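Shared chain: chain A. Partners: chain B in the first complex, chain C in the second.
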Partner chain A sequence: MVAKCQVISLCRSLLRAGCKYPDYNIREYTKRRTLDGFRMNKNLTDPSKVNDAYAEGKEQLEVVERVLKVYLAYPPKTKNIMELKV
Partner chain B sequence: MASLSATSLSFKAPSIQSTRISQVLRKPSSFQSISFGGFQSSKSLRLQISCAAKPETVQKVSDIVKEQLALSADTALTAESKFSALGADSLDTVEIVMALEEKFNISVEESDAQNITTIQEAADLIEDLVQKKPAA
Partner chain C sequence: MASKAIFSTLRRSLTKPNRAVSRRHHLSTSSAATASEPYAGDEHAIVMKGVRISGRPLYLDMQSTTPLDPRVFDAMNASSIYDYGNPHSRTHLYGWEAENAVEVARIQVAKLIGASPKEIVFLSGATEANNTVVKGVMHFYKDKKRHVITTQTEHKCVLDSCRHLQQEGFEVTYLPVRTDGLVDLEMLREAIRPDTGLVSVMAVNNEIGVVQPMEEIGRICKEHKVPFHTDAAQAIGKIPVDVEKWNVSFMSMSGHKIYGPKGIGAMYVRRRPRVRLEPLMNGGGQERGLRSGTLATQQVVGFGVACELAMKEMEYDEKWIKRLQERLLNGVREKLDGVVVNGSLESRYAGNLNLSFAYVEGESLLMGLKEVAVSSGSACTSASLEPSYVLRALGVDEDMAHTSIRFGIGRFTTEEEIDKAVELTVKQVEKLREMSPLYEMVKEGIDIKNIQWSQH
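The block that comes next holds the complex of A and B.
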């Protein structure tokens, strides 16, 4: 059974990895998706399900970090319009 | 921290007010000595009762917390209000910490983030990190 602090730690790692993307869209998506994903599974009690969800989260963390490296190699040249202050 | 800036305030204050203010200010900080010349931005002559976080920081933190937890604008947030009392669970706390990191452009460690339970603690931690950052 995965401990609560591990789950919180995984959530933080995902959010912090997602913040590093130069692309506005992916950044917002990872933030939204991690929070939705964790909130959806918030009330799980079955240990096997909790472990499954945790393993899935870990995989996604690896994906995020791998894709981040690719995106950092080709940063966008102009800022997204959503990032420009009005 | 606040007491340091408090003494530096009393030295800069005009002579008429200084006696009154310095009397009031010297009461809590009996161990004060010469100010080291740390140039902290003490904007106005404020009596800083809380130890080490500026009221502006606490206000900014409260605004972010209100926004994240979708509280109505007139909920009274004191510096001592706990996040859990405001209806935030641990995920909300993580989100609040991330929003604070983004707003103040700091980086909070894992261990520090787990210890934040009230608004005052968050403001203190932020002040610490903001001061350490320019020195690095």
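The block that comes next holds the complex of A and C.
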């Protein structure tokens, strides 16, 4: 069964990768979806389910990091209105 | 020579217009709406088509198209690099791998709608699917069936295909809708004749967002044994779709409305009881002979992944979008009066909110809302000056139809964006109403409809 510190470290890596996206909407969505995803599975006790959820999270982390590299390779030329006036 | 140069420069400097003169009171409503943006001289400003905006607008137009989800993008990238073989080549590994990828996508699409993978045909989009079904079914049964039933609020491609059929000699009944946008089931029952070949009703309207009573319509069609076609491009992945419960024989689906790629769609064609269809694209007999042509493997893979994601995230997205819709509607209603929601509020998909603002001119409102990417009427009809035919079918007055704005909320919309959209809309509407003499009269209590306008 996956340890609590591993789950927390996975959540932190997902949030950290999500913060680097240049696109405002994708960034906010990644952060919100990660937190909600971890919150929804907070009360799981069955070890196999916990391991499944952890494996799924790890897969999503790989996807996020891979796609981030492509998004950073083509930086946007203009800023989003939401990022200008806060 | 020198004096000529001196005099010309003198003339130029004397006749140069004085920038300090304020020209605001000479501007018409629409230009006044846009002229208030301060020339901050910031480097992020975008100038396009004569409009200056300070940054990329916030995207609230999810009904015309959606951004690509990063997970779909990831799957499409891998597929573009490796699955370049022709899925219809049977002789080598490249063809087999591409075919596998297409079959996996087919299963993903079929699971979303509750169908069998053998009933899914991939094509270039919902427009092609609508055309294929409407024209193909009627051409196949042209000896016995000469009548088509559809509604007045269908998508332009269905209405245009029906008009094409009318020119060929078929008869088409365009059912009117009630003021809340829903089809009247009694009228549908009366309109069905023994030679009706097809009933086409879209599941979720792209302009007003109402959800039609699909199960009841399916039951009526089953009773009378008429094939039922639905354009579900806006419905899949957003409301639960089940071809068995709805009793549909044909369904059109589109990839770019569910965070997938553009240029791909699918058609569901029922196998039990079997319905026949004449293909629009003839050729090598791919896709059960219904749509020949090589499939774009990476588009198909992207569509499949988008459908799978939509199935997993449907509940989560629905809760989020419902919350944002309430926030938007309450935010606007708190600060403004005379806001009308077009279409039924109960039987509606939450992500589509079509509002009309009374006593405001539509063009000026849209021109002033340049920092929010919204649409008025659908993208297909916005090129013409007429108000949208869907709103006209609902019985909305001309002036209210002109001021309608469609806010599209999606998976990636945030609360801050909604708050900002509310703020910008309210500010713009208040500014236009302040300038409007009609609104002054209404505030004084005069009823506009009973005024006798005199001729000058």
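Heads up, the rule we're going with is that the second predicted complex is superposed on the first by the 85 of 86 C-alpha atoms of A that agree within 3 Å, B and C clash if a C-alpha of one lies under 4 Å from a C-alpha of the other, contacts with A are read in each partner's own complex, and residues count from 1 in each chain.
Everything that follows uses one rule, which is that a contact is a pair of C-beta atoms (placed from the backbone, for glycine too) under 8 Å apart; a residue touches a chain by one contact, two chains touch by 3 or more.
From a predicted model like this one, the values you see are computed outputs, not experimental measurements.
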| item | value |
| --- | --- |
| First, second, both or neither for A:Val64, with chain B first and chain C second | second |
| Chain B versus chain C as contact partner of A:Thr78, first or second or both or neither | second |
| In the superposition, chain B vs chain C on chain A residues touched | C |
| Partner chain in contact with A:Cys11 - chain B first, chain C second, else both or neither | first |
| First (chain B), second (chain C), both or neither touched by A:Lys42 | first |
| Shared contact residues on chain A - chain B and chain C | none |
| Chain C partner contacts - residues on chain A that touch it in the complex | 24-26, 28-30, 32-33, 36, 60, 63-64, 66-67, 70-71, 76, 78-84 |
| Chain A contact footprint on chain B (complex, rising order) | 89-91, 94-95, 97-98, 102, 110, 113-114 |
| Chain A-facing residues of chain C, complex | 42, 44, 46, 53-59, 67, 70-71, 73-74, 77, 316, 371, 411-414, 416-417, 420 |
| Complex contact set, residues of chain A against chain B | 4-5, 8-9, 11-12, 15-16, 19, 31, 35, 38-39, 42 |
